[in-house]
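Next up: some structures, all given as C-alpha cells.
Next come two complexes built around chain A: one with chain B, the other with chain C.
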Partner chain A sequence: MSSMTMSPRIASWLQATPFTLIMTCLVMVPLAIILAVSFMDYGFAEIIPEFYLGNWTDLFRSSLTVDTYATVFRQLAMVWSITLVLGFTISYYLVFHVRSNMWRAIFLAACAIPFWTSGPIRMISWVPLLGREGLVNQALFGMGLIDQPISWLLYSEFSVILVYVNMLTMAMAGPIANSMAKISPSIIQAARDQGASEWQVIQEVIIPLIKPGIVVGTIFIITAVMGDGFLVRAMSGNQMNTPAVAIMNEINAFQFPPAAAKSVVLLVIVLGMVGLLLRFVDIRKELAR
Partner chain B sequence: MSEQESKGLSRRSFMKGAAATAGAALGSGVITGFPTYWAQASKDITITHVGSIYTTNPTVAEQANKDLGFTIQMQTLDNTTLINRLLTQPETVDVADFGNTSMGYFKNKGILMAIPVSEYKYWDQTVPLFTQGTYADGKPYSMQGYAPIKSQYWADASAQEYSTAPTDWLVGIPVMYNADTLGVRPDLVPHKVESWGDFFNSDFAGKVALQDGVNVGVPDAAVALEAAGLMTYVDKGNMTREEIDKTIDLLIELKRAGHFRSFWTNFDQSVQLMASGEVILQSMFAPAATEVRTRGIACQYLPLKEGSRGWYIFQSAMAHLDSGDKLRRDCVMEYMNWCNSGFNGVYFSRQGFYSSVPDLMKAQMSENDYGYWYEGKPATADIIDPFGKVMEKAGAVRDGGSLWDRMGNVGIWNTLMDEDRYLVRRWQDFMAA
Partner chain C sequence: MKIDTDFNAKNLMPEAEPPVEDGATKYDVELVAVSKSYDGGAKAVDTISLRIPKASYCCLLGPSGCGKTTTLRMLAGHESVTDGDVLIHNRNVTDGAPSARGTSMMFQSYALFPHLSALDNAAFSLKIKGVKKAERHAKAMEFLKLVQMDHLAHRMPAQLSGGQQQRVALARSLITRPKVLLLDEPLSALDPFLRVLMRTELKRIQTELGITFVHVTHSQEEALALSDLVVVMSDGQIMQAGSARDVFEKPSNAFVAKFIGGHNVIDVEGRKVSVRADKCRIVQSVGGTNIPAEVTNIEYQGPMVRILVKDSDGKEYHAQISDSRFFADPPVIGEKVTFSWMPEDEWRLAA
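Then we have the complex of A and B:
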C-alpha cells in the first residue's frame, strides 16, 4: 500500500461502504418494504397491492392500540423500577462491598446460573412453582396462611412481571456494575474524608457517575419488554395483548399489512424512547472514558 | 384396481421396494407405463416433504427410504412457517401436509397440484367422509366449519376452486383425521360433564381453558355458547359479522369475570394445564389427553351431547411438479401412495389418529391394536405406542368407543371462516380485554 496514494476523502468513503451497504440492504430496504406493505389491502394469506388506508385508520381510531400500549407501558414501568432497584443493589454490593476479586467473580457467575437452561424450559418451570398446586401455594397452605390456593400467582400480570424481572435484572445490573467499577476509589475516599455518610456517597457521588450505566440498562429493558411477545403470552396464559403480541397474532393469521402498520408504529415509539434517553447522556463519551 | 386385488396387497409385499413392486404390485393399471429403467433413473431423485410433527418423523422417513427407490427428505415445520413457505416458495417443496384450518388459503393460488383420482390407488377404499361427504352409513355429516367434502375436490384440472360434488381431481389425499372433544379431569370436576354447555357453567369458573385461536378455540367456544343457551348461530363454523360481534362480546364479559384460567397455544401447554390441575375442563387434542393419562393422571376425553369437533390432514403435491420433470412427478405420486399403504398409517394409528383407509390398516395391525384403536374393543394386552411406551393397560377401552362411534357425530369441523379478517381483529380485542 505504501506506493499507492489515496485521497483521504476516498479512503473515508471506502471505509464507510461496508456498513452503509449492510444498513441499506438489511435494514433500510426491508423497513421500506414493511412501510409500503402497511398501506396495502389483504385477503386470505395474500397481500393485495392496492393503496389502502384501513390498517392505519384502525390503528389510530380503535381502542385496541390504546389498550395494548397501556398494558405494555404499565408493565415496562414496573419492570424498569424493580430491575433498577435490584440491579443497583446487586452491583453496589458486588463492586463496593465484596473485596476479593475471586468472590466477586463467583457471585457474578452465580447471577448467570439461571441462564444456563434454555428460555422455554425456564418459562415452563414456573408452573410447578406458582401454580394452584405449586410449591408456593403448598408452602403457604402448609404454614396455615391460606385455606385455598392463590390463583393470581400464575397466568396473571404478577407472573409476567416476575419472570421479566428474573430474565432482565442482569441486563440492568451489568451496565450499572460496569459504570460503578470505573469510579475511582479515591473519589469515594475523598467524600468519606469530608464526612459524607454512605447514603450521601451514594446520592452525591455514585448515582451521578453511573447515569450512563443506568441509561444503557434502561435501553436494554425498554427494547426487551416492548419487543417481547413470547414471554408475556406464556406467563399470562395468552390473556394479555401487547403491541408485539398483536403483531404476532396477525402474522400467524397471515395478515401482513395490519401487522406491518403496527410494526412501524412500535418501531417509531421504541426509537423515540431510546433517542430521548440518549439526549440526556452521551453514551459514546461516557463509555470511552 | 378392484377391492379384491388391493386387499391382497400385503404391507410386506408392497414394501419390498418400489423397484421390485413398480412393475408387479402397481401392474393393476393405475400407474402405468413405468419403463424398467425407472427404478434406476429415480435413484437420484430427492423428494422434499414438509409437514407437522404429527405427519413427519424420522422413523417413517427411514422406512420410506428403505421401501422406495428414491430419497425422501422430511422437514417438520410449525403451521405458520409451513403455509408461508408453500405460499412464497412453493418450488422448494414437493409434498406438503396441512389441515382444514389452512384449506381456505389455497383457493385461486395455483400452488397445489390437481391430483388425478386415477393416480391414487386407495381412493375406492377411502372412508366416505372424504369421498362422498357422508359417514360410513351414508348419512350426511355436519357442514359447519371446513367439512372434508368442502375442500376435497377441485372443480376442474386448473386447481383454482373447490367442488363439493365429486370430480376427477383431488385437492389432497386424506392422511389422518379425528374427532376432538373437551378434556376433563374426572377427579376434580364438581359434576359429570355431558354437554359442551358445562364449559360456561359457573361451577367451572376460573378452571377452564380454550385453545388460543380463531380456527379451533372460537369454534369450541361457539359450540359451548350455543349449548349453554347463550347464543344461536346459523353456521358456527362460518359466522356472520353480527354473530362474531355477539360471540366476542360474550367472551369478553366472561373473561373479565375471570371465567378463563388460560389459553393454550401448543400441545405441551395443554398437557401441562391439565396435568397440573390448573384447569379441569378445556379444549384439547386427543394425543394430549393420552399424554396426561400416561403420567398417571385421570383425564377423560368423552364425546359430548352436541357432538365433536372434527379435523383432518391432507397431503398434497405442489403444482410445479406438473410442469417439471416427469420422473420426479411419478416419484411424488409413488410416495403419496406409499404414505397410505401401510407403515405410515399403522404408525400414526398407534398414536390414536385414524387412517383414511382403515381396512388397509386392519390387515397390517395386530388384532389387539386394531381392536383397541379402531373397534372400541377392550385391549387384550397392554397397548404400546410406536415409541415403546405403554399407553393403556390390558382391559382398557378407548374413550368414546369405535371409529364410527367417535367419528360419527361431528358437530363442527376445524375452520377458517370467510370473515377471518374481521374475526382475527375482534379476537385481538378479546385478548386485550
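Then we have the complex of A and C:
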C-alpha cells in the first residue's frame, strides 16, 4: 500500500484536516464575519460596508445593556442553584440509595422519556397548566384555596424559571450522576468506618469528588440560559429582555450590525465564564475515564 | 526495613483501659452463632462461633466464597448480621455503627480518598471529630511515621505505589485507635517481594501496638507466618481454629489438610489419615507403609524437592525431601519407586 511510505508528519496533518476544515468553515469564518459586521454601519434592512463604531458606543452607553445582563444573571443564578440542588439530590438518590436494578431502570426511564418530545412542545405545554384559566388555578379554585386566579403563574419571571428548571435539571443531574457513579463504594465505606455521618460523607468525600461533574453541568446551564431567547420570550409573554432577546429583536428588525456587536459581547462573556470555571476544575479527568 | 527505635508506638494507643468490672474477658472479639444469609437464600456464613484472645494476630483463611470476608465485614459493621451476636471487648456491638464498635477496617483496594493527601487521609477521622488542623496534622504525622510514610506525607494517593498506599491506609485505620484492626486481604495486591516485607511490617506493628489484628487471606503461607490464631473456613463454616502449629500438624479434617498444603490425605483401613509430605519418603521404610509407585513430576524448591508419584490405581501422593537427600540419588520421571511413611506420622482426620 502506498500509505506505508507516507511520512508520519503528513499522516498527522491529513488526520487533522477534516476537523480543521469544519472548525474553520463553520466556526471561525462565521465568527470573523460577525466581528467584521459589528464594525459596519447600517440602514433600513441593509448593511453599509463602512467602518463605524456607533454599534459599540451605543452598546456601552445604553443602560439597556446593563439591564439585560442584570436580568439574565439573576435568572442564571436562580436556575443554577435550583438545578444544582435538584440534580445533586436526584443523582445522589439514584446512585447511592436505589439498590435494585429494576427501580434504577424505572427512574432513569422517568428521567429520559420526556426527552422523546421536542423542547418547544415541552415548553409550550406549561401554558395550559399555568394560565389564568389553567389547571393549577382551576384546581386551587376548586379546592377553595383562592377566590380569584393567581396571575403570576404564567408570563412572569416565575414561569421562566420554572420552565428553565424543567428543561435543564437533567443537564445538571447527568454529569453529576456520572461523577458519582465513579466513586468506589469502598471509599464511602471507609469514610463511614472513620466515623463520618451521612452528611459528613457528602461534605468531605462526595462533593469534592463530583466537582468536575458539577462544572460540566454548570457549563451546560450557563450556555443554555445565556444563549436562550425563545424560552424567555415565550414564557414571559415578551415582557422580559435578556441579551439574547435583544439580539433576536434586532435581527428581526434586520439591524444586523448592532446585533453582531451584542453577539460578540455575549460570546466573550460566556467564554470568559466557561474559561474561569475550567481554571478551577480539571474536567479532562471527567472526560478521560 | 529500618525500625525507628526512638519511636514508641505504644504512646499512640490509648492508655490501658481500666479493667472491666464484672464479666471481665480475655477476649477481644467473640462471635456467638453468627449467620449471614442474603434475601433468605443460602447461608454465606453459617452459625459460626469464635473467640479471639486479647492482642492476638488472627487470620481467617479459606478459598474464595468461604465466607471469610463476609465474617470480617460483619465484624466491621459493613454487613448486617442475620443471626447471632458480635462482641468486642465484651460489649455487644451486633447492631452498632462501624465507627462505634472500636474496630477499624483496612480495605482490600486501600480505599484512600483520592482528593486528599496522605496526611489528610490519615487525619480524616480527626477532621470528622472536629480536631483543629494543626493538631490533627501533628497526630497524623506521628502515625505516618509509624508506618514509615512521613517523608511522603504531602503526596496524593495517585502519586503513591500500592505498598505506599497501603501504609497510608494502615495509618488512617490506626489513628482511630481501634481495639481491633480488620484487614481485608491486605497483601494480595502486592508483588511477592513486597508481600513478604509488608507481612513482617504488619506483625511488627501489631506487636508494638498490642491490639488484635483480624486478617483475611487465602494464602496459607501468610496465615501460618503471621497468626497466633488460624481460622480455616469453608462453605460458611469454621473447619478448624487453632495455633498455626496445631493447624499444620493436627488438621481436623481432610479439607484443612488439603487446603493448608504439604499433606497427603490417605485412606488407611477405611479411615482417613493425613501424612505430612516432608515425612514421606520414596524409599522402602522398615516397619512403615510401602506403596509401589511411579514418579510423575519433580519440583525443585530450593532447600526441598517435591516429588509427585502415582500408584498402580492412579492415586497420587507427594513427598518433600531435602535437596541433599534428593541429589544423593536423584530419581527421574517415570522411574519405579517405593512411596512410604511411618505409622507414627499418620494423623487421624475426622470423617
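Quick notes on this structure:
Convention: the second predicted complex is superposed on the first by the 273 of 289 C-alpha atoms of A that agree within 3 Å, B and C clash if a C-alpha of one lies under 4 Å from a C-alpha of the other, contacts with A are read in each partner's own complex, and residues count from 1 in each chain.
Rule of thumb we're sticking to: a residue touches a chain if its C-beta (ideal position, glycine included) is under 8 Å from a C-beta of that chain, and two chains touch if they have at least 3 such contacts.
Just so it is clear, the structure is predicted and the values come from calculations on it, not from any experiment.
When both complexes are superposed on chain A, chain B and chain C end up sitting side by side without clashing. Between chain B and chain C, more residues of chain A are touched by B. In the superposition on chain A, contact of A:193 is made with chain C only, not with chain B. Taking the C-alpha centre of chain A as the apex, the lines running to the C-alpha centres of chain B and chain C meet at 150 degrees, rounded to a multiple of 10.
When the shared chain is aligned, no partner comes close enough to touch A:164: not chain B, not chain C. With both structures placed on the common chain, the touch criterion links A:80 to neither chain B nor chain C. Contact with neither chain B nor chain C is seen for A:92 once the two complexes are overlaid on the shared chain.
Judged by the touch definition given at the top, the superposed model places A:126 against neither chain B nor chain C.
Think of it this way: put the two complexes on top of each other by chain A, and the tightest Cα contact between chain B and chain C is 45 Å. On chain A, the patch touched by chain B and the patch touched by chain C do not overlap at any residue.
By the touch criterion given at the top, residues 76, 78, 97-99, 104-105, 107-109, 111-115, 124-125, 127-129, 172-173, 176 of chain C touch chain A in their complex. Within the complex, the chain A residues that touch chain C are 184, 186-187, 189-196, 200, 204-205, 208-209.
Residue ranges on chain B touching chain A, taken from their complex, read 80, 83-84, 87, 104-105, 107, 109, 206, 209, 212-214, 255, 260-265, 268-269, 272, 276-278, 416, 420-421, 424-425, 427-429, 431-433.
Residues 42-46, 58, 63-64, 67-68, 71, 124, 127-128, 131-134, 151, 154-155, 233-234, 237-241, 245-246, 249-255, 258 of chain A are the ones that touch chain B when the two sit in their complex.
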